[in-house]
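Below you'll find a set of structures to go through.
Across the two complexes that follow, subunit A remains constant while its partner is subunit B and subsequently subunit C.
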Partner chain A sequence: MTQLLFYGCLFVGFSPILAFYAMVVCRNSQLIILSIGGSFFWLLSMLVASIWWYIIPPMRTSFWFIIPFSIAIQEAFRYLFYRLYAWGFNNRPSLSQVQSQLQKQLKEKSINSSDQSETELQQQQQSSQQPNHQDINTRLETLSARPNHTLSSAAIGCGSGITYAFVMYGTIMWDSQGPGNLFSAACPTVSLFMISAILALCISLLHIAWNVIAFQGFRSKKYYLVAFVIICHYLISYLTLLNIKKSCEGSVVSIGIITILTIAFCFRTLLNSDSISKKVD
Partner chain B sequence: MSSSYLPLDPLSSSNNNEEDEYGENININDSIIINSQDVDGGNNNNNSSSSNINENTNLLANREGGEKISEEDLEEEADLEDFSHMIIAILKPVTITMLLVVWAVRKLSISNNLNSYVGITVYYNESSNDSTGEKIWGSLLNGLIFLVTILFTTVCFVFLYKYRCLKAIYTWLFLSVGVLLAATGGYIFLAILQANNLAIDYITFAFLLLNFSAGGIIAIFWYAPTILNQSYLIIISALMAISFTRLPSWTTWSILAIVSIYDLFAVLCPKGPLRVLVETAQERNETIPALIYNANFDPPPNRVQSPRSTNKSSSNSNNENEPLIEGDSDQQQDGDQPQQSQQQDGQEGQEEDIEIEEVGEQRRSLKLGLGDFVFYSVLLGRAALFDMSTVFTCFVAIVTGLFATLLLLAIFRKALPALPISIAFGILFYFLSSVFLYPFIETLGVYQVFI
Partner chain C sequence: MITFKISLLLLLFSFSSFTLGQVNPNSQVSSKIYNIPNYVYPCTRMLTNNGVAGCTSKAGGNDGAIFLIDSDASLDNLISGPSQPDKIILALDPDYFNKSIIEKVNSKSFEGILVLTDKPQSYAYSPDIAYPNKAFGLYPNSNFTWNTLGDGLSELSFNYPIFAIDTNTSIEIRQYGESNRNGLYPKHGAQLISFMQAIMTSESCLHRGFCAPMGGLSSWATFSPSITSAQPILMVIVPMDTTAFFHDMAIGAQSNTYASVVLTSIMRSLSMVDQSTWNMQVVFAVFNGERWGYLGSTKFVNDIVNFKCSEYYDDTNTTCSSPFNSDLAFMNISLSNIQAILELNQIGNPLTTNAKQQLLFAINQVNPNSPQSTIRSNIMSVSDRLNLSVGCQVATDVPELPPSSSMSFLKVSPNIDHAVITDHFGAYTNNFYNSHQDTSSNVNQQILQDTITLFATVIDQMAGGKNNITVDTTFMNDIFSCLTQSFSCDYVERLLPVYPYDTYPSFYSSVYGTAPTAQLLTIQAQFFHNLFINLTNSVVGDVCSNSKSCPSSDYSCIGSRCRISNTHYHEAVSLAFTFDGSTGNFRVTNTTYPTYTESNWDYTQVKFFLVDSKKSEIIFLIVGIIEFLSTVAILIFSRNYLSKRYKLL
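On to the complex of A and B.
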């Protein structure tokens, strides 16, 4: 593969998800930790899926069977990570809650300025698990709050998306170095790596969207969102089966359209949900 | 605290022996492992990631002692936030070292320079003709030899430290760092030149190496800009890790496993040489001479510290100020040459507490030992020899293990070894992905089926 094609495929495959990572996740250290957690759980699911694939020899080449099991395992691990996340984070205040609490404290403090009321404040705050200190340091507290649920789920999705891109696409990219090129069976004129790069781009972005939607569904018990994610995942994977013999445009174009639609749906559910628009008193 | 130390020692750290793998002394590993295993009672000695983390948690413990409950919440919140900054601050140098090692290993292995050097230290030279049983047995033997050497050097070091032979320790350290940088650095440099088919004459080569290694000794043991000091420490870890990946593969895995198990025992069992070392250092209130990496990270500005400083007893503030002081004095030493400034900082410990808060721009420093760097990078280097997918898999596993260790540390609040969990995850993931995941991905990749 020529250097030009190599770098082109590399950038096509990795840059959107890495840009998202650099601009959104790297800003906040808690998000980095969450993204590595998401990445770990996705890897675990892939390992389990690959063990399952390995030990059942007839399954090795019949993709109709590989796909359902792998996707089921991935979604199961996504749910598992959601349970872990909920267990760790549900009791901690979010940024907006902390800010509103601080405003309340400021108001109360300006009304009562005696020591006694401060101890009362302290007691109140102890019971509400808010930190207390003489100077109300907004920045400190806002930084110690958890990021909001949307950002957290996006970071987790980003982690699993990056791992997805590196493991599924990066592996074959590294093997592609050297002379010669590999062309896909369906489209003999386009390099296999370019098509895989475009698909990796779409699907890694989809990981973010799926994670946001799925966590919303788990959290607010709207299971139709979870069903949407699962169906979308299955649809995308089965569409990639078209790559084998039939046509590559069919898979790439339709997956691109589904990506755009899913991201739009994700935004729509976010706007309709209580993560962003609800005002906390 | 740093004032009671040798004037040579700007960062209150000194190298722990590094010896080259060429010879029989695998001191480097020992001392660096010492660093990673130091059980720190927590006051001022930061020698390894475990002890550093322990130091931080003891900080937390010290803060909580004797204070109002209301302040505890503040500290819990603040510490959790600091915690994530701390974790990321640890991650950066570890990632850089890993990247360097993976890059160098890939470059060198392609030109097949890698296995031309087989360690003289190994008892059993692997060859692919041997049966599996013999390979396992041989590699275990090699691992045990390694372990015994580490143990022996640790004990020597503890004796030297206990009987205050500081000159001997420093001579050892200086020579080790110099020899490591010059010999291993030179060898790897030569190998990289050969891999890229570049030529350089001996005179320039010698000149560069001399400057490199002398500069390294100065940067680590004396005053130098922080970036230079950190880069040299990273380079040292990378060089060591690259030389370890030259060991035969089974031996590498057995060494990793045996060293992590040893780490577990050395840190958690009460009678190890490391405990003696740390306790002696605590009694004398000195920092242990060790290879320490200073990771600076920005705390959130306007950290509220005044209530804590007014409420604290002096001993608590001493403990708390220690890392902060060392961080500040490190920053200051970039500019000021004289050591009196350092001593002054140590004495002004109490007042600086408030200063830190006001200045807002102050950076805290976290100290780590290099042993963990080396072993994580060795694992990744070995994974890189197989395929890049295993590199990424093992990277995620190691980092997750590191997070899990830090989490356990925050829960248990005592010293924990940083190696076992990460190395266990790493080895597990390596074998799982090389046996199961890699064929899976290859099959899917060729058919362009994405799951």
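On to the complex of A and C.
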């Protein structure tokens, strides 16, 4: 009977972030590597957070106490990964920068070559079979060029978001296949699997938005963006606690609204940032 | 975050299960959803060569919302009311469990049945057939009806699961069913898993290895160190096993467990008397598998008459390797040496009284009017001599011998002097014959001591003794509560190597095993055997931990002491089956004998949980698909839109 519920939860919880992964991240091999890096660092932060949680047995069920530490650890790992990313990538030209440079070179060449005689053109063809040093450099630059910062940070966020969704929710969702259903005290009529699917959807998307905003903040040293991410993270975490006893509507609706607002804010900061610019043709 | 919390819990699992081995059961998601009672009692599938009986679930189990039937109104609501929106599992009040109700509800669609046990059934009822074991007794063409209450429910085949539920869980289910009546979601649901592997007939399932023959192990014991042909034998027998619609709830207090209590207490009393003047060898036997066509007694009689060992295992000649038999002690008994049989059958609740206000047991004989019957005259003389609350009277009006183990002996040797003792003169007076309701409240415990005194005196007198019998009332009461109430007494702890998983006493014989060398020994059969050793031991040796630490193979380690006793198991299996060593399976070779087999199964389980309405789940799935499609559309659109207008650096 509740294979239905299983597939419902699967679509609601996972489809947006998996679609983002398939349609955005998978188009570039470097983005895939970055997303795997993002998920690895998020798992490391969870490992540290769970060790912290485990070594203090009396506070294990006091989530208000555990949340601040685990969020701090997650954000610290986000910064660590940013430093690693910056160390490897910051001084490299981006793909679009390399491409525009290449186009500029080609333009100059074609202007020059139009004046040249036929013999010279033949020589040119010969030399193109044995490319000169400048060409080699351009190709290497193209191969090792980094994807742009916005997509990189989104891919890292996507990696951690997918890992989050599978680790936190995938294992629970597996149990929704059986005939039984789970209801919480806060929501005696709505299945906890459904609520969790919606929360997994919101929070996995928030992982992308947070990562884009935070990386933007780190890179451009606008630390109010980082502060926004941390505060938003805390807010979301404490809102989920409403699900335990008080009100699941309050938690789900407010988390949904915050998610939409955060994504909107993310786009706004992007447009104001140095990593995106209007095309001028 | 709630999901965050759960991830922490998951990480806890990996830690605790790998490093410490402690798992907090409350934190597993499925244990929060499913409430799984420890003890449930399934209806399982039995087969004969003519077809199947009993129940089976689908391979993955049947589930549905609980629908309680505890009144005629709720039954009418199911049958003629509006159709149910969900799949349903019926929960039947004890009073609504009988063939006519099951046939009524069979017209509706449902997934399975739970039978509650929180109240006793308020009317007399037996799910067994009208003449138990008719085809295998002395009167296969009889028109008499012994079990007048029987409606034959146990012989029917159901393609859905039926479970009985213990008392405490039954109370919960009743509440679940009542709260489901308001029609609001979430509803309480249940899943019943009892998938039976065997189909068709005994012959085909044995061939495929999906079932095993009914049977088990009988036990017999005697006080004399060895059986000789010099003295005649008095057999005191009791059919040990019983059955019920739910096999694991077969207490059978009146149908035979009362007789088992009497038999063991008689042995206890006789072990304390002076046996030096006895000129008979008294053999006590409890036969297993008697409900399935007198398996134990038929096999025993057949073996003492026909068994020939063609190859002994070793020089001691106690074990035969071809045909396999691990204990050849029965070969000392010859049928011609058996002078008399005293069978205690259904004796738990005599209702007939005589002028002295004694409760009367019936002495049943094939020919009650025959002039010479030593056993009858002995019983009558003791009954008249002792001034007890119980007495005996010859059942002269009954046309036949009631279904009894003695029939197996009389079939082969009709002239053995015999007496089958019952509490009924004619048709059964048992209110719950072969029902799970045949519990200790269905028998008369007040007369237990006098019954023991009466029959122990009869046996002593027949054997040649003149002793005054004293009854060990502590032993009697312990064994009574152990066998009819909770299988957890001091004797169980002392005499059995393992403690029973479920202390609900059940004397269902179960299956014989998958091969003669792979026999199944039920804990109840083992209990009788070990109790017999304890009661009849002639030598008690040192403290031991197992039989290997005893001085010789003659000893067995029972109750932490090495003991020598003339106590033996005997196989109880139908003569219809022959073991085929080349295929490793039994084959049906003689269909004149019973061909009962029991299906194999992996496990049986009942789960309780909450179910949501199907409508909300469908809506959620549709929302999810729409969400997926719109995400893809937004991504394509925004990629096109943004790449035209913006340049990413």
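To be clear about the criterion, the second predicted complex is superposed on the first by the 234 of 281 C-alpha atoms of A that agree within 3 Å, B and C clash if a C-alpha of one lies under 4 Å from a C-alpha of the other, contacts with A are read in each partner's own complex, and residues count from 1 in each chain.
As a working rule, a contact is a pair of C-beta atoms (placed from the backbone, for glycine too) under 8 Å apart; a residue touches a chain by one contact, two chains touch by 3 or more.
Since the structure is predicted, the reported quantities are computational estimates derived from the model, not experimental observations.
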Which superposed partner A:15 touches (first subunit B, second subunit C, both, neither): second
Contacts of A:32 with subunit B and subunit C, given as first, second, both or neither: first
Which of subunit B and subunit C A:166 touches, first, second, both or neither: first
Partner chain in contact with A:43 - subunit B first, subunit C second, else both or neither: first
Which of subunit B and subunit C A:151 touches, first, second, both or neither: second
First, second, both or neither for A:181, with subunit B first and subunit C second: second
Partner chain in contact with A:110 - subunit B first, subunit C second, else both or neither: neither
Residues of subunit A at both interfaces, subunit B in one complex, subunit C in the other: 46-47, 49-50, 53-54, 60, 63, 66-67, 70, 167-169, 171-172, 175, 195-196, 199-200, 203, 236-237, 240-241, 243-244
Interface residues, subunit B side, partner subunit A - complex: 68-71, 73-74, 76-78, 80-81, 84-85, 87-88, 91, 300-304, 306-307, 387-389, 392-393, 396-397, 399-400, 403, 429, 432-433, 435-451
Residue numbers on subunit A that touch subunit C, as the complex places them: 1-2, 4-5, 7-12, 15-16, 19-20, 23-24, 46-47, 49-50, 53-54, 60, 63, 66-67, 70, 94, 96-97, 148-151, 164, 167-169, 171-172, 175, 178-183, 188-189, 191, 194-197, 199-201, 203, 236-237, 240-241, 243-244, 271, 274-279
Contacting residues of subunit C [partner subunit A, same complex]: 1-8, 10-12, 15, 29-30, 32-34, 63, 87, 185-186, 189, 191, 607, 609-612, 614, 616-618, 620-621, 623-625, 627-628, 631-632, 635-636, 639, 644-649
Complex contacts: residues of subunit A adjacent to subunit B: 29-30, 32-33, 36-37, 39-40, 43, 46-47, 49-51, 53-54, 60-61, 63, 66-67, 70-71, 74, 122, 125-126, 129-135, 137, 139-141, 143-144, 163, 166-172, 174-175, 184, 192, 195-196, 199-200, 203, 236-237, 240-241, 243-244, 248
